[in-house]
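Structures are listed in the sections that come next.
In what comes next, chain A is part of two complexes: it sits with chain B in the first one and with chain C in the second one.
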Partner chain A sequence: MSTPFSPLGRALDLITRVRGVRGAMVVSRADGLVVAEQLMEGIKGGAVAALASSLAGRLQRAMVSAGLGPSQFWHLQCDHGALLVVPAGEGLLLVAVTEADVNVGLVRLELLRAAETGA
Partner chain B sequence: MSDDVKALSAELAGDPQSLVFLRLGELLRQKRQFDAASRVAIHGLERHPHLADAHDLLARILADAHDYERAFDEWDMTLRIAPQHIGALKGLAFLYFKIGDLTQAESHLQAAQDIAPDDPTIEQAFAVIRGEAGTTLASPPSPPAPRPVPPALALEPETPPARERPSGAVTPLPDERIFAGFEGAQEGLLLLDLAGLVLGGALKMPDGTDVTDTVAAYLAGVSQEAARAARLLDLGVWRGLSAEGQGGHVYLAQPTPESLLLLMRDRSLPLGRLGLLAQRAAQVARQWLERQR
Partner chain C sequence: MTVVRAVETWTLEPLTQYVTEAGARLVLLMTPAGQVLAQSGFSRAVDVMAASALGAAIVASTNELARQMGQPPFAGLTHQGRRHGIFLSAFDTDRGTLVVLVVYELDASSLGLVQLFLEQLVADLRAASPKAGVPKQVLAADFERELNDSLNSLFGR
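Our next item is the complex of A and B:
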């Protein structure tokens, strides 16, 4: 879907290099479709993309309504891992799926950096 | 038994904690099966004793069954929980009208109209009172003697299904009921059920605007989606959902499988600390919810 030489591929590559990251995706915010992905086998990218997009939309609307402005980072913490999301340009979301013992701060930085560089 | 009643009964049997009892009770009330409707409402209230809509439902059933004294008590309780509950205000106006206390009837209608100025049924109800009093609203009240009810009674308790009402129909409980002692319990802490109805707390924007109901409505379904995402990814149970905004942070936690807690703070509070505070608030909420069972 993307190569390591495309901008999207490079961005995902940087994110998935962080230890404990099981995969990363670029997702269309409007329709929840996968634009690019680097996922470990077994991860249901399409379904997760749809849910991440929907969840992000709800949170976004709630936060804007609460006067907090657009969200810059979401973190779903679970018993055995996490889902991390940052908005990227042109209606995209960058999504990372991680193990439980990942350095969340580092993944966040990589996601934000990738988003800034136009993933 | 109609198909609708069967379907709703089956849905309720499958998930006794569900708020579907509101729709089932209302449907039975509309079919004038008051005993069955009353049982549904009472069972619902046993599980959701602080749900204003449930008290309102029971009040409407009782009013239809001409048990006005108990209906009064239920609407009174509804207003204690949700002081701006339009159904309860109109219901009490109806009861006061029934006993001829037009001053109180007007007062409750006025309160309802202040909250819902565009509700045409309130104006109709005012017209009935004006006709009954034979004078203007500003006139002195008639003696509070019982009098016959006019046939076209616009003051009948309103009957929309509870789910059609905005989430604003359920206003927050006082914070001392749930989050006593928690900083920001009245402007940055919210407890919801899974349908996005407010169980406690409140949210305010920095300028003081109350955004409780709007935010609550947007958060309906978040918990289920988070759980689904966690399941799809084999991540186990979700424990928290944090979000960084330009003007502040929010943290969502799940005190129980049927509830959602939101903690909101400005950016001066680090996200990690916000999570700790939210988990503590969730513990308080969990204890409160368990006490309600």
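Our next item is the complex of A and C:
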């Protein structure tokens, strides 16, 4: 979807280089559509994007209701992997799909770095 | 929970599941001619009739536009407003081509969710749809009664 030479492609490239990352996506927060993706075969990017953006909206409301402000990073750990998400700017989400034994700190760092560069 | 009402009962289960999963506010399932098979969220017959007529007209217009461009018909049409989004899509089943019109609230759903669960809806409708048979001859005398029966089904009267 994105070329490795585009800014989005470069950002995703850095995230997917981390060992254990099975894919990364830039998702439009408002409509839940994929803006750019680098995913391994078998990952349904459209479904992950739609559900992650829906979850982001609900989490945002929960955080604000709890007086905690907007979320900066979330980590959903499952039996066979994890979903790591960082809001990027006003309208985007950076999403990483990882294996269970991934270095979460390193992926988080790359996601935050990509978000800062405006991916 | 939003109630789904159907003229053709085989559409009921797939549509009920779709409305729940996609978080849709209003859903209308119809033929390209505007004949309504099922609806969810509408409370007045006049709204259903207006939405089905307008939806059918949009599908006809966009199909013609695609034809003039030498393209196959558009798979979907989306319009996003400030608070609501509208999604319109046509697909083939054994019952013939069907059109689904979905209205969703932006703070409760998204285009991504509406499209994502539409794939499942289409698959479920294709699996549930009756095989096309010989079309029944429509008599003028039956038309009004059938129309009233359909409206009663759609609004649970």
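One rule holds for everything that comes next: the second predicted complex is superposed on the first by the 118 of 119 C-alpha atoms of A that agree within 3 Å, B and C clash if a C-alpha of one lies under 4 Å from a C-alpha of the other, contacts with A are read in each partner's own complex, and residues count from 1 in each chain.
The working rule: a residue touches a chain if its C-beta (ideal position, glycine included) is under 8 Å from a C-beta of that chain, and two chains touch if they have at least 3 such contacts.
Just so it is clear, the structure is predicted and the values come from calculations on it, not from any experiment.
After superposition on chain A, the partners chain B and chain C are seen to fit next to each other with no clash.
If you stand at the C-alpha centre of chain A, chain B and chain C are 60 degrees apart, rounded to the nearest 10. In the superposition on chain A, A:Leu106 makes contact with neither chain B nor chain C. Contacts of A:Ala47 after superposition: both chain B and chain C are touched.
Between chain B and chain C, B touches the greater number of residues of chain A.
Contact with chain B, but none with chain C, is seen for A:Phe73 once the two complexes are overlaid on the shared chain.
Judged by the touch definition given at the top, the superposed model places A:Asp31 against chain C, while chain B stays out of reach.
Smallest inter-chain Cα distance, chain B versus chain C, after superposition on the shared chain: 8 Å. Of the residues of chain A, those at positions 47, 51, 54 touch chain B in one of the two structures and chain C in the other. Of all residues in chain A, only 28, 30-33, 46-47, 49-51, 53-54, 57 touch chain C in the complex they form. Across the interface of their complex, chain A is touched by residues 23, 80, 85, 106-107, 109-113, 115-116 of chain C.
Chain B makes touch with chain A in their complex at residues 203, 205-207, 209, 211, 214-215, 218-219, 221-222, 225-226, 228-230, 232-250, 262, 264, 271, 275.
Chain A meets chain B in the complex at residues 42-44, 47-48, 51-52, 54-55, 58-59, 61-63, 65-83, 97.
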